[in-house]
Structures are given as C-alpha cells and as structure tokens.
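What follows is a group of structures, each given as structure tokens.
Heads up, the next two complexes both have subunit A, just with different partners, subunit B and then subunit C.
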Partner chain A sequence: MRLVRFWFPAVALVVPIAVLVLLSQSFAPLTVQRVVTEALIRIVAVVGLYIFVGNSGIVSFGHVTFMAIAAYAAAWQTCCQMLKPITMSGLPAFLRDNTFPLLPSALTSIAAAGALAFLSGLVLMRLSGLAASISSLALLFIVNVVYSNWESVTMGTASVVGIPTYVTAPVALVCAILAIVVAYLYQVSSRGLTLRATRDDEVAAAASGISLYWSRLFAFTLSGFVMGLAGVLHAHYLGTISINAYFLNLTFLTLAMLVVGGQRSLAGAVVGVVVLSAIIDIFRRLEAGVSVGTAQLALPAGTQELILAAVMLVILIFRKDGLMGGRELELPRGKAEPPARVQSAKNLAGAAGKT
Partner chain B sequence: MLIACLPEIGRQFTGPAVPALFETCVLAADVMHRPKRQTLKAADVHVTFGGIHALGGVDLTLTRGRITGLIGPNGAGKTTMVNVLSGFQRPTQGSISLDGQDISALTARKIAQAGIARSFQAARLFRDLTVLQNLTVAGIGSGLSMRAAAAQARDILDWIGFAGNAEWRCDLLSYGDERRISIARALALQPSFVLLDEPASGMNEAECDALMTVIAGIPSQFDCGVMLIEHNMKVIMGVCERIHVLDGGRSLAEGSPGEVQKDPVVRRAYLGEKASDKTLAI
Partner chain C sequence: MTNVVQVIVDAGALGSLYALVALAIGLVFGVMRLINFAQADYATIGAYSLVVPTASITPPLMFGALPTALMVGCVIGTVILLALLTERVAFRPLRNSNPATLLISSFAVSYFLQNLVVLVHSGRPKSVGIGGSLTNAVELWGIRIPGVQLLTMGVAATLLVVLVLFLKKTPLGIQMRAAAENFQMARLLGVPANRVIAVAFAISGFLAGTVSLLLVIQTGTLDIKMGLMPVVYAFFATVIGGMGSLPGAALGGFIVGVVSVLLQTYLPTDLRPFRDAGVFALVILILLFRPQGLIVTSAARERV
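And then the complex of A and B:
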C-alpha cells in the first residue's frame, strides 16, 4: 500500500499517456500518430525543463541549448557517412570518418548535454534567481551564435540531413516514461526536497543548512541530461536538424507548456504539453482547411499562434499556478480530518492572529 | 547506540510523556551525530547600517543547557543580534566564537551546520511543503539521510504535539501553529544553540502557556542552549535562567530574572515605560 501511494503520482501520469499512445497506434491515422510522437518528445523536453525550473523556481531560458548540443552530437556520430567529410570537414577525424552505432551515440550525446549543463551551471548557479534567468538566455544566444557560424563543423544555419530516423511513438513513449520517472524520483529525493525548500524561502533554507548553490547545480545538471535525451529523440525523429530549431521559438513553446500546466508540479509539466499540443494541432488543421459538406473552410494563417497567446493570457490571469495548480495526482489521504482539539486551537490562533 | 539509549530508557520508566522507546533511541543516536558545543560567545559586536548603530558593542554569552532571554524595546537590536549570531549579518566590528573558535567569517549555512539554529520573527516556513517535510529539510541540512531526517522529524513533531498533522501543507497552518513548527524546524537541525526570535508573538494566552512548556523543555530534550527573544514578560520571566537587556544597541543589564526585574536602570529605561506594572508583577 505504501508502495502504491509512493508511485501513484508517477503512475497516474504514465498510464493514461501509454494508453493513449497505444490506442493511437492501432486506430488513428498516420498524421495523428506523428502528432503523438512529437508530443511525447516534447514531454521529455518539458519534464527536463521542469526538473530545474519547477523545483528551483528559477525560470531558465537556456535549456533548449542542451537539446541542441545533444542533437548535433548525435548527428555528428550517426549521419551521412558519405557526405560528412565534405559538408562538415572541420570535425575531428574520428567523428568525420566514422559512423557510430545508435545507442552509444545517443548515450554520449546525452552525456555531452549534461556536461555542458554542469559546466555552465557552475557559473550560472552562482547568480541569484533573476540574474540566473537572464544569464541562461545569454547561454542560449552564445551557443546559437557559435553553431550558426562554425560552418565547417555545424554547417552553419543550414540543415544537417541524413540522420537515421528510428524514433517512433513506442520509442518516444519509453523515453517519456523514463523522463517522468527520473523527474519524479528526483523530486521526492532529499536533493529534490531541499531544492523545493530553497524555492519557497532561500533565507530559511540557508538557516536550515541547505546550500542553494549545490542543490541548484545538481538539478540544473540533471535537467541538462534529460534535455539531452529530448534533443537526441528530436534529431532521430526528424532526421534533419538546424540550429535555429533550438532557439527562441522552442524556448518559449516549452516554457508556455510548463506555465499553462503549472510549473510547480510534474503533473503540471505533462498536462501542459498534452493540452497545448492538442490545441496547436487542432488549429493547425483548421488553418490548413477542413471541408464541411461541400464548402472548404480555413482559418487565416497565424490563428494558432494567437490562440496559444490567448490561452497563456487566460491562464496567467485566472489561474496563475497553471492547470494543475502545483499539485500532483495523489491518492486521497486516509486521515484528512484534523483532530478536534487541534482544530479548535487553530481557530483560536487564527482569531488571535487577526486581532 | 545502546549506551546512548540507556539514560533514555531510564526516563522511559519514570517520565510520564516520553515518546515510544524506539523513537527515543533514534533521537538520541542522531543527537550524537555531531559534537555538541559548550558556549557561543559574542564579543564587542558592532553593527552599523549607514549611519544607524543597530548594535554598539554588545557582549553576550550563551551556554549549552541554559535558556537566556534577550529583551529590549522595539528597535533595540535584538533581531540584529540574532542575525549576527546566525551568520546573516556580518558584524562591522567584534567577533563571534563557538567554543573559542572564531566563526564570524562563516556563511549562514555553515553556521547552521556548525550547530546554531534560528527561527524567524516571520516564521518563514517552506509554504509548499508539508509540516513533516519542513522539518525533514532541516534534518537533511544537518547531514542526516532523508530517512533518518524524516524519522527525527516525526519524533520532534511527536514531542511538540503535532504528530497527527504531519502531512498538512504549511500554507494552511494557523499563525500559532506556524510559529510552533518554525521552532520545531530549528530543532531539527540538531543544534547546540537555538535562537528564537519572538516565538510567541500573535499567540493567545493558552497557546502562550503551552509554548512556555515547550521552550522550557528544549534544553534537556535536545541538549542545547536557547536564546529567547520575547516581549511577553510572563514568558521571559517564566522560563529564562539569565536575562540580557538591550536598549538602543547597547547592553543595559545582565543577570537572573530577579536581578533584572529589580534593576533600577532597567525599570526606568525599559520595563517602566513600556510594559505595565502588571507584567512586572509576576
């Protein structure tokens, strides 16, 4: 029973997703299956973002950088054996002349993303909340500018093509479950707990012997690894990557998903992806045009972005803690009713506090 | 571990309200984690904010096992003193030492880990966490594993009479409960010294009395020294063995409750004009 209660918040997220994915695999048209796969990859990314942003309360604008790092690392190792020496002649010889198996390539790419997160975190986590947010944006720009101009290695802003595509819905599902489980185990661990304490009150956390720096750095690094996983999936799903796919658009999309769902709970991160992905897809289809009877109806282009903005605004105004309001999906507690004695003392104290 | 339990087992048969044997052992074992310190000493501490002398040369010694009261009118520098002792405020001049070891240069976190815990005038609980988690965080901060910290947190909540509500979120707590939990959280750090900044403010009479019993029990139960800041003279005179009076950043008097109450300077400068004779009469 204790085990059930412990795992329930994670299982309650994983099971519905798995059921939806399996249903879509058997019954839905191919276009829907692609939407599902994309949403699963976004779950990995937003859960990765949540590990740091949600638990620390510090908004990061730099996290898709780690996706880019991993996506490029995977591309260098696995793409286009024939073309590589020509298009990316500046790569070190062992990368340029070899093609690596998919699994080791994925693991090393994820490790590269984690390593960059750790190294940049060494600096960024020294800053206080807002300064860290702004500096994380600088990280996004630095990597973007470097990759855009390092033509001999990254092909500049051009797309790298010919990456093997093995990411299907089941693969993405397994990875999304992995990300959710990692995030959940982290947040209930002692490190996750102490980081959430710093989010609520930095001063009291310091007075309780908690290091802001190390607890934030750990989360930043861990979330870098998970973002790396998202980057690898993304590269091997599309088969083609370009650095501008990992820039402001994706940054704000992932942050919007986190905010809409509610950044202070894992359930919020997942729900935000599902809801916004559904809205985006519906309006994309409407923009493309649907036939009602004989008439062809299409919304003007750009409607989807406007709707997205409207959803964000409504959430920020009416439910600023997001759809989940910072709560996990938990089993109801048995003894919810406080004992009478304490209850009355509480009332008395409440009255005293007001006077 | 077993040896550590022996005195506790003795108390088990004599004391009326001692928690279950097993839990007491856990508590005793955890207390042995770190060496306990004997004295916390502030020598000639000055703090200036711009032109304001919040503290102007205060000497203060806390001893383990003893409750020391720190009183004084509003703006006397009491909270500033707590901030200095807990590392949140660097003294402009003077030193803080723990068993003779200078700790003035340490960060607040290091000082907390060295065994000086504090509560805040505004309770500053971790609002999104449960009561149990609040205490667990401090236990982890003192170097315990998550499991040991949670066990210790349950023991402390048991002792303070809040065990049934360990799973409440802290944003739902009443004012009085918030203050009790903030004391409990300070104790979860397994400190050698706890500094309590106006723990009874905003409490009603009954809660105040209950709190007095709790505070009076801290030195023996947790083997530590206590510094208590409080405006309620009944609480101060009731539980403190020594009292230190501050006014305008300077020490006015220091002594036992009886001596301080009789001290003419204190009567005139602080008690006489601020507190009524009624509060002095106890």
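And then the complex of A and C:
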C-alpha cells in the first residue's frame, strides 16, 4: 500500500497519457496522431523545465538552449552522410566523415546538453534568483548568436535537413514516461525536497544548512539532461532543425505551458502541456479555416499566439498557481495523517538542519 | 586618429542609447520589482505608430507625415498611453506577486503585444523614411560624424540630465527614489503607491518612445523585433550595474554599449558576427566576480 501511495502521483499522470496515446494510435486520423506526438515531445521539454523552475522557483529563459545543443549534436552524428562534408565542412573529421548509430548518438547528445547545463550552471547558480533569470537569457542569446553565425559547422540560420526520423508516438511516449518518472523521483528525493525548501523560504533554508548553490546546480544539470532528451526527440521527429526554432518563441511556449498548468507541481507541468497543446491545435485549425454550411470562416493568422498570451495572463492574474494549483494527483489520505503538501518544504528545512 | 574619434563617438552614442533603455527598466524595477520585457514592444509599437497599418512593405505615413514636433509628441504620447495601459490591465492586479511571477507576466505581455503588431501590420520588415537630412554626415574639426549619432548623444545626454534633476529635485522624484529604496516604508510615510508606479511607467514609456524614434532615424526600417536587442542589452546593463540601482543601470548601459562598439571595431572580421555573444559572455564574466552587480543596493538582497 505504501508503494502504491508513493508511486500514485506519477502513475496517475502516466496511465491516462498512455491510454490517450494508444487510443489515438488506433482510431484517430493522422493529423491528430502528429499533434499527439508533438505534445509528448513537449511534455518531455516542459517536465525538463519544471525540474529546475518548478522546484527552485527561479524562472529560466535559457532551457531551450539545451534542446538546441542536443538537437544539433544529434544532427551532426546522424544526418546526411553524403552532404555533410560539403554543407558542414568545419566539423571535426570524425564527425564529418562518419555516421553514428542512433542510440549512441542520442546518448552522447543528451550528455552534451547536460554538460553544458552543468558548466553554465556553475556560473549562473551563483547569482540571486532574478539575476540568474536574466543571465539565463544571456545563455540563450550566446548560443543563438554562435550557432546562427558559425556557418561552416551549423549551416548558420539555414535548416539542417536529412536527419533520420524514427520518433513516433510510442517512442515519444516511452520518453515522456521516463521524463515524468525522473522528475518525480527527483522531487521526492532529499535533494529535491531541499531545493523546494529553498524555493519556499530561501533564508530559512540557508540558515538550516542547505547550500543554495549546490542544490540549484544539481537541478539545473538534471533538467539540462531532460531538455537534451527533448531536443533529440524533436530533431528525430521533424527530420530538420534550425537554430531559430530554439529561441524566444519556444521559450515562451514552454514557459506558458508550465505556468498555465501550475509551475509548482509535476502534474501542473503535464496538464499545462495537454491543455495548451489542445488550444493551440484548435486555433490552428480555425486559422486554416473551417466551413460552416457553404461559408468558409477563418481567423486571421496570429490569433493563436494572442490567445496563448491572453490565457497565460489570465491564469497568472486569477489563478497564480495554475490549473493544478500546485498539487500533485494524490490518493486521499486518512484523517490521522496530515496532508503531504503541508509537511513538505518548510518543515524539511528544519529536519535538514538537525542531521 | 580619425578612426579613434569615430569609435569614441559611436561608443558614446550607443552607450547613451542603452543607458536610456536601462534607466527605463531600472525605474520600473525600483518601484515594483518588475523586469519589464514589454519595454521592447513599447519601442516597437512607437515606431510602428509612424505608419498606417497595412500589409505593404512601404506603407503610407501616419504620425510620420505630421510636422516634426507634432510627430514626436504623438509617438511618445502613444507609447506613454500604452505603458500606462499595460500597467493598469496586466501589472496592477499582480502587484503583490513575487518578482518571478511578474517577470513571467511581462514576458506574456510582450508576446501579446508583439503578435498584436504582427496581426495589425503583418510580420514583414518595412521601410520608412523620417529625418532624412539627419543621416547626412556632419563635418566637425575635419572629422565626419553622422548627424544621427550626434542627435542620439544630444538627446540621451539631455534626457539623462533632466531625469537626474527630476529624481533629485522634485517632490515626485524624491518619492520615486524613496520607493525604489524601500517600497513598504515609503508607503507608510505617505508616498502614494499608484501614482509613483504610474509615473514610473509613464517615464519608461517616454524613454521607449524616444528610443523608438532614434532607432527609426538610424535604420530607416520597421521590424517587429526592433525593440528587442536594445532591451536585452539594457537587461544585462541593469544586472551588471546592480539590480535596483539607477546610477548602476546607466553605468551598465554605457558599459555594454561601449564594449559592443569596441568589439565591433577591433575584432577580426570573421569573428565580428559573434560580437553579441562576446558582450553577453562578458556580462556573465562580470557577474562571476561581482554577483551583486557593480553598485550594490539594499534592494538587491532579499529582506528577511
């Protein structure tokens, strides 16, 4: 029973998603299947973002950078053997002249994203919350400028095409489940709880002997790995990548999903992706035009973005903790036990001090 | 020699432009702990108000067709209204939220405004010619300096002086500085919160309107992202200078502007496209040695 209670918040997220995906695989039209696969990849990305932002309370604008790093690393290893020596002549010889198997390439790409997260985190996590947020924006811009102009290696702002596409809904589903499980295990681990303590009361946590720096750095690195996974999936799903796909728009989209769902809980991150993906898809279809009787109605292009921003603002103003209100999906408890949320972070700050 | 003077002029012009934007961001941050992303879109919308909303890439002029004084007034007035409107609609309901929430909400406001411009004006860059004679070079002591650089420096210097006088000498300015120092305490001593915050937004709108005109005169183009880079530079300027410090913001603005021009001039040609990356990396380096920024205020630290 304890085991069931422990795993319930993760299982309660995974099972409905898995059922939805399997149903869409068997019955839904191809366009819906594509939407589902995209949403699954976004779940990986937003859960990756959540691991840092949700648990630490520090907004990061730099996380899609790690997606870009991993996506390009995967592209360099797997794409277009014939064209690579011409289009990306500046690559080191072993990358330029070889094509690597998919699994090792995915793993090394994810490792590259994690390594960059660790290295940049060494610097960024020294800063206080807001300064760290702004400086994570610097990270986003640095990588964007470098990749946009490093023509001989990244093809500049042009798209890299010919990446093998093996990411289907089942593959993305497995990865989304993996990301959810990793995030869940982290947030209930002692490291995760100490970080949540710093989020709820920085001063009390520090006074209790928690190192703000190391607890944040660990989460930043871990979320870098998960973002890397999202980047690899994205590259192998689309088959084509360009650096400007990993810039402010994607940053906004992932943050909006996290905020709408509720950045303080894992369930919020997942629900946010599902809800906003649905809204986006509906408005995309409306922008493309629907026929009502004989008339063809279409919303002007750009409506979808306005709606997205408006939804996010409304949530921020009227329901600051998002749709899930910062809660996980939990089994109802007996009266004897206090609810799990109350005993979380602040008490733990005290507990950590005693050990 | 000529070259060196030219570089100094460029650095001064760009530095003072960034200092203006950084001050606008610093003022708003001081009174409500909001780092306002939408500052970029204030400038963009100010520039777009020069032309009639069409999908054309050489659109007919709207405010741009008015006589100069009226045009400047209309553009700046539009931006001030916009800034006050965003404050009233989006930021006032969130006033008691934590800075991270405010930051995200300003990101959402910015995204909203940017896509509103796309919806109304279409996303393609447009060309617009105002202040044509200003782009001609002026001959000073045998050195040719583009008129627009002189204009930028002149306007920026004037505004900086006016702003400093306003903050130091007028009652409202003193209230603003008090609010930036300790908002709770200032309120307890009778500083009206709504007015101080509204004035901060109005000033930031005024500065954004000015910057938008200077940008359009310089480049002659309208682009939905035209406000973005100056504001991103200004963000880093406020972080380098020390969050919440107004002199720090201005100083930081000058530093990033000057460094940017120096890198542009003295980097080897094939490294020049990476200039921005160099400036941002420098920002991170400075923060490595002074995580609190160059000028540390009490606002930078969490109060217990």
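Descriptive notes on the structure:
Everything below uses one rule, namely that the second predicted complex is superposed on the first by the 335 of 355 C-alpha atoms of A that agree within 3 Å, B and C clash if a C-alpha of one lies under 4 Å from a C-alpha of the other, contacts with A are read in each partner's own complex, and residues count from 1 in each chain.
Basically, a contact is a pair of C-beta atoms (placed from the backbone, for glycine too) under 8 Å apart; a residue touches a chain by one contact, two chains touch by 3 or more.
Every value quoted in this text rests on a predicted model; they were computed, and no experiment measured them.
Look at A:217: by the touch rule set out above, it reaches neither subunit B nor subunit C.
Within the superposed three-chain model, A:203 lies in touch with subunit B and with subunit C [touch as defined at top]. By the touch criterion stated above, A:112 is placed in contact with neither subunit B nor subunit C.
The wider contact with subunit A, measured as residues touched, comes from C rather than the other of subunit B and subunit C.
Once the two complexes are overlaid on the shared chain, A:129 sits against subunit C while remaining clear of subunit B.
Once the two complexes are laid over each other on the shared chain, residue contacts for A:138 go to subunit C alone; subunit B is not touched.
In the superposed pair of complexes, A:306 makes contact with subunit C only, with no contact to subunit B.
By the touch criterion stated above, A:255 is placed in contact with subunit C alone, subunit B being left untouched.
Subunit A residues in contact with subunit B (one complex) as well as with subunit C (other complex) are 203. On the side of subunit A, the complex with subunit B involves touching residues 189-190, 193-194, 196-197, 199-201, 203-211, 264, 326, 333, 335, 338-339, 342, 345-353. Remark: subunit B residues 86, 88, 107-109, 112-113, 117-118, 120, 124-129, 133-134, 136-138, 140-143, 145-146, 149, 162, 164-165, 167-168, 173-177, 185-186, 188-189, 202-204, 206-207 touch subunit A in the complex.
Taken in their complex, subunit C has these residues touching subunit A: 35, 90, 93-94, 97-101, 103-105, 107-109, 111-112, 115-116, 118-119, 232, 235-236, 238-239, 243, 273-274, 276-277, 280-281, 283-284, 287-288, 291-293, 300-302, 304. Put simply, subunit A touches subunit C in their complex at residues 57-59, 61, 123-124, 126-131, 133-135, 137-139, 141-142, 145-146, 148-149, 202-203, 252, 255-256, 259, 300-303, 305-306, 308-310, 312-313, 316-317, 320.
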